[in-house]
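Structures incoming, each one as structure tokens.
First subunit A sits with subunit B, and in the next complex the same chain sits with subunit C.
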Partner chain A sequence: MGDIGFGSLGGILPELIIVLGGLLILVLDIAQADRQDSGRGYLAVSVLFLIVGLTGVLLQIGMEPYIVLSTTAIDPFATYLKLVIYTGMILVAIGGGSYMNRHATGRGEFWALFLFVTAAMSFAVSATNLLLLYLSIEFLSITSYILAGFLRTNKRSAEAGLKYFLYGSVAAAVMLYGMSLLYGATGSLDLGEIAQGLAANAEMAAIIPAATLLTLVGLGFKASLAPFYQWAPDVYDGAPTPITAYLSTASKAVGFAVMARVFVVALGAYRVEWAPILAGLSVLTMTVGNVIALRQTSVKRMLAYSSVAQAGYILMGLTAVVSSQQADLTVLGMNGLNGLLLYLFAYLFTNIGAFLVVLAVEDETGSTELDAYSNLVQRAPGMAWAMFIFLLSLAGIPLTGGFVGKFYVFGAAVQHQYFWLAGVGLVNAAIAAYYYLNVVRTMFFASDGEAATGRMAAPVAIQSVVLLCVLATIWIGLYPPRLLEWANSASRQLLALML
Partner chain B sequence: MVPLNWYLVLAAFIFSCGLYAALARRNAIAALMGIELMLNAVNINLVAFWRYGEFVERLEGQVFALFVIAVAAAEVAVGLALIISVYRSRRTVNLDELDLLQG
Partner chain C sequence: MFDLAWLIILLPAAGVLINLFFGPKLGDRRVGYMASAAVALSFLVAAWYTLRLWGLPAEEQVHTVTLWDWITAGSFRVAAALLIDPLSLTMALVVTGVGALIHVYSVAYMEHDEHYQRFFLYLNFFIFAMLILVLSDSFLGMFVGWEGVGLASFLLIGFWFDRRDDSYGYYADAGKKAFLVNRIGDFGMIVAMIAIWSAAGSLAFTDVFEAAEHGAFTAGAATFVCLLLLLAAAGKSAQIPLFVWLPDAMAGPTPVSALIHAATMVTAGIYMIARTHVLWHIAENAALTAAWIGALTALFAASLALVQTDLKKILAYSTISQLGYMMLGVGVGAYGAAIFMLVAHAFYKALLFLAAGSVMHALDGELDIRKMGGLRHKMPATFRTFLIGAVSLAGIPPLAGFFAKDAVLLGALAHQPLVYVVGLFTALLTAIYSFRAVFVPFFGQPRDRHLYDHAHESPSLMTVPLWILAALTIFGGLLNLPFVLSLEKWLEPALGAHDAPGLVIELIALTLGILIAGFGFVIAYAWHIANEQWPRRLASSVDSLQPALQNKWYVDDFYYERIVLPLRRFAGWLATAVDQKLIDGTVDGIGRITLGAGDRVRKLENGVIPSYALAIVLGVVILAAYFVFSI
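Let's turn to the complex of A and B:
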């Protein structure tokens, strides 16, 4: 048991700052007499607090791993994912904030919840204890339900919120049942102690498959893996686009991070038995996502299914980790986990950028259908070219971030002798390229339809965030040594914890 | 003393009832009640495992159950609010009729 006191709170300072920011906005909102307030002030305060939180996380890079309050690990793995989360939330806040301010009632509540959800994700990736894990995942989920249904007068948003709530609560309850079995088998809630407990009593091995499978349901739900993905397209489609942008990136990253930590730290000794199941889920997820994405007519819904498919590729990285018989994974250049981490980072910029373009078009034309994109290059050349880069990255074309991510997860699958998995992944990537390039065709070469009707004026905030996302996507595509170093050290540190 | 297995069987039974209700009932409120049953089954599990475990002096199981109760309350509050917001605009909470989003 570590010491519990004010001194030990330094490690979770970024999260505390974010929570304080959320509370501050709640208080400001109560004091605010003007009900018609534009919400611009809240946006500024939120971005400020998020940037301070991000700075706090940046300062933790390179620190020796340690545990705060005996439940929260401050280690390279958590720090890397916090970078992903905070960066994503800042991009979403700047790019999508004014849209939410215009359409939402209760702007103060929105921004407070936005900061709280960031803190929840931040806690979830560093939790080393089932109790904190459950609490932070539920915190994240419950806040996300509200945010998905935040546009109360919009029927689609309300329906998305309710569907997310029902699917999510069932998944969380199933996961909790799995956790209670793990607790019963080992008498501990700490992930490390669970691993030791399982190693000590071999007769408990019978309970592992049930407990793991049940826990996997809840985490797979967060990461939108088939067969628990049904909520994802409906919620991504119906939720306000800025909310979709973070649900499909930061929130998904949390699902994978928690899954990786639980599988590596708590169930590391049994990992090889799980490889076929994870490989099957990975194949199922990418195939289902891609095949259904093929016949979508709405770009937002197409991106939603593509996001399910991307989850399948990301899971390949984790499959590679658990399938390895090798005792010391940390010596491998492509251990699978670093691929997963790189993929999440590249995917963050690409997907947030793509959803912001969808937002800009939605703002202008009121539609997310493919028709609204016809000849976009004449109305808004910048947006069209940016979307082109994002779609190339999603398809995994070289010189984009998506390629680096795919290269590392496919490479890890090959390195761990999972040739068939890599093969299925390649076929899927080819299918996916078809529907991504279909959007490109509509944007650049649509012959029919009315001629360009004036220029589309996207807000400066969206333009600048989209530009940033384009630059970051290309930057990651050029193999930045710094990012590789971060991902490598984060993955090595977590794999070293494997029993 | 009642053996541990009895509690576990009871919890598994309640959990299955809850899961069935959550998946099969078409009324959103009934599905919510199913979810509550599932959470309470987990609580039985947690407390039983704590009581029959080796470390009775470590209160983890009990504390976990308390947290689950609190989180369940928060979940119900949000869930009912979402159900009301859907009911206001659609005049129904039948899950089969909520079909704006599909395909």
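Let's turn to the complex of A and C:
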């Protein structure tokens, strides 16, 4: 179980650094008398601390798994997700930071919260204890509510924050109820001990469905699964675009990571029961997301629904963990979980890049409607081509990261005999191509030349992050061996914990 | 020791790339010289390796040079590898040697063309693909080259795609026809490969043949495979029933006709059958079919060559006829003789086409022999070289054509006497049309004064290749003299031991061959020069065939009526009834339903928080219901 002591804090050093960074910004903000400060300094400090944190996480790659403070696992699975989270937050900070600095009041608070939310996510993916799990998810949620509503003077942003809060509260309450059932059934908060307790007490089996279900509500809310997704489009659309970018990627990744850890480690023995439910939710999520996305006229809102639909595909990876054929999941090339992890990483770059293009267009035209994108290729060829790549990746076209992710989750579903699920997924991917390519059509082939012909000047920060995202999307599309190896070892380590 | 053999293929490929990226900067002339140099260097490399292979003992003359693992999918493995043996190097020498000469010739011939650079791009690409075809060590590699030369052929036949005239229609259509007819053959090749894979478990030549020798193919399976290969060869080598594309292929520039549609690409089918001879030994019926198809094609095409008035079309039908001889040769098992004929034919047919091109160049594109006459005074070099080519084609000793045809017919006489008779009669027709093609344009009085005055000898860039080819035509017979048979011996490691026919039979064949060729010459001379009546009386006995000959035995019409039109009607029905109504209707319908669903479901997202919270509760209830009812 690892000792509780000062020395063991080394494992959570990255998180501690981030929290310290946040506190530092708070202190600086108090000491700072100038209310008109540009916030650039905070941006720089935040990026600096995030990079130090990322470095710390990189150093943890390849370590033997161990548990800190009885509650926090430092294992390949958590490390992989922390890579996703930190990378995502750095990209958002660099690309979207100046937008937030321009529009937000209370920049010091913003950046402090930005770092705190990173730390919260980081803890959530490591937590092996229901209490820490709940706390860090709540920590993440509450900071996210504030961030989503951070543009207080903007009605839509304030509404998004409030909606997110109300919806989140209901979901959190339901989830807490489910967790309490698990505790009641086994007398432990530790995920591993819960699994053992459930195995030891066969008469407790009756309580499992209810506990599973109620826990699923809270985690499904985080991952924006149908039918717990309804907050997502409203919040994604209303929140400031950089916040949407991280909510739809890093925060969603946390939802999936926690779901994977709880379901695999604590409830792994009951996977035959919960897998069909996840499969059903997966189908429902992708279908609802795609079908509604078809009719959207705002690119930002379309991406919000697309993000819901993508959650459906990602969930296929967790569904496919169940196998009636293969006893030892850890030796499979496509065990489902590695597909989920790869998908999250590819999706991170793709979606952040796409939202940054939306941000750049929004900066220029003040609109997120599709019309604002007409003939974008003439005004900003770089941005248009980058958006093209991102949309291809979202649609899952080969040589992009999105394809690799889809390939692995669909492949896992097929390998585990979930043919109907893969089939529905394919149909959905085809539907999705329609609205993704619709944007491409508008950007490249809009017939009316009424849109402004002047060049659009995107800030260098956005351009460079978008370029980075393009490169990463293509890089993942070329099957990078290192990334595959990380995803494989992370997924195998977690699956090995399944009883 | 053959590690660098890929250079043979790489050099033309480099020519393509240089032309593609730097062609416009180089300028036309330099592009032509660069492309020629690429092929010439490739020839030198091939020659160097041939010398080295020659120095080895016969049992060490087959080498596989593996480059990399090309395709690995489950148990299906194909390596990108070269097979270096006497056969493949002989083919490579012909392709690069004749190819280099024709490149040089084209530098002058294409001088005034506005797409000069593109022409050499295609030409180099052709050499590249053809070398892949002959040097690959597997069916799949050969197929890549096979398709590559098909593409090059399509591009080059339609090189002047914007032109049209009465004899070819739109030139682009001629290219299309060649491509489509070849697809039928390619289909045979693909199915054959699948069959070979399932029987032998490999596509590499050496593996397949070893498996075949150990009984992997039953006689029935081998016949099936070989008939499909025969279909492929009939497409590429213009045999019955797929020969119709080759006369139309003459729409391409003359160097293309010489290189692709006479000397090299069209012989790929012959090469392929010779390469797979192990299978044909098992499939005797298929081999017999090939022999008869070859013999009939030879006869049939020779009869058509007799009545053509377009100089290039005479040569085109002559090519089909000669390919028929080669097919006959491989059909009766005389593989070495067929390859010898392939080499010799490459020399004299390329020579004839290039000389015809020289005539065309001088007469401003005119090819109708009825408008020519007396040209030997105006174009002495062209005349002499054309004469050498025609004498060889007619089978007059001691030129290469005589020995080549003799070798093939000797094989037929030894195995299938009936086939031999057809071949011998065809030889008579061959001699007649060969000399007709000499006498009408080059002798007698000018028939079109204006054309005649305009005529001039071609530049030396064109005549020098002609003379080189003429020399090869004269001395090419030395490669494989009767009783010496050096070429057939050299090919033995690749083609298996050939059986030497008896002395008597050999002498009979030689004598009959000489007599029949001489008789053909006499007929042509009497008809076109001496203007005597008896040949016409002889011809009048078969006058009833005249309309059939003029209409190419109605084959094109038959294909058009019975195959093209029904297919078009079927395609039209598919396009309107099936595609537009059924498929488009379904697709649009699904799209409309999906969009409609989007409109409905969108309403659920109403922004009212209590209804969202209700959704959570409902979701939980539904999932709980699932649990309750599923347990």
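Methods note: the second predicted complex is superposed on the first by the 489 of 499 C-alpha atoms of A that agree within 3 Å, B and C clash if a C-alpha of one lies under 4 Å from a C-alpha of the other, contacts with A are read in each partner's own complex, and residues count from 1 in each chain.
Here is the rule we use: a contact is a pair of C-beta atoms (placed from the backbone, for glycine too) under 8 Å apart; a residue touches a chain by one contact, two chains touch by 3 or more.
As the structure is a computational prediction, the values presented were derived from the model and not from experiment.
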item: First (subunit B), second (subunit C), both or neither touched by A:Leu131; value: first
item: Partner chain in contact with A:Tyr408 - subunit B first, subunit C second, else both or neither; value: neither
item: Partner chain(s) touched by A:Tyr418 [first = subunit B, second = subunit C, both, neither]; value: neither
item: Partner chain in contact with A:Trp111 - subunit B first, subunit C second, else both or neither; value: neither
item: Subunit B versus subunit C as contact partner of A:Ala210, first or second or both or neither; value: second
item: Touching partner for A:Tyr86 - first (subunit B), second (subunit C), both, neither; value: neither
item: Subunit A residues touched - subunit C or subunit B, whichever exceeds; value: B
item: Subunit B versus subunit C as contact partner of A:Tyr347, first or second or both or neither; value: neither
item: Contacts of A:Phe355 with subunit B and subunit C, given as first, second, both or neither; value: neither
item: Which superposed partner A:Val174 touches (first subunit B, second subunit C, both, neither); value: both
item: Intersection of the subunit A residues that touch subunit B with those that touch subunit C; value: 163, 166, 170, 174, 233-234
item: Subunit C - residues contacting subunit A, complex; value: 591, 594-595, 597-599, 601-602, 604-605, 607, 609, 612-613, 615-616, 618-620, 622-624, 626-627, 630-631
item: Footprint of subunit C on subunit A - complex, ascending; value: 163, 166-167, 170-171, 174, 209-210, 213-214, 216-217, 221, 227-228, 230-231, 233-234, 273, 276-277, 280, 288, 291-295, 431, 434
item: Parts of subunit B lying in touch with subunit A, wherever the complex brings them together; value: 8, 15, 18-19, 22-23, 28, 31-32, 34-35, 38-39, 41-42, 45-46, 48-49, 53-55, 58, 60-61, 63-64, 67-68, 71, 74-75, 78-79, 81-83, 85-86, 88-90, 95, 98, 100-103
item: For the subunit A and subunit B complex, residues of the former touching the latter; value: 130-131, 134-135, 138, 142, 145-146, 149, 152-153, 155-156, 158-163, 165-166, 169-170, 173-174, 176-177, 179-181, 183-184, 187-189, 233-234, 237-238, 296, 301
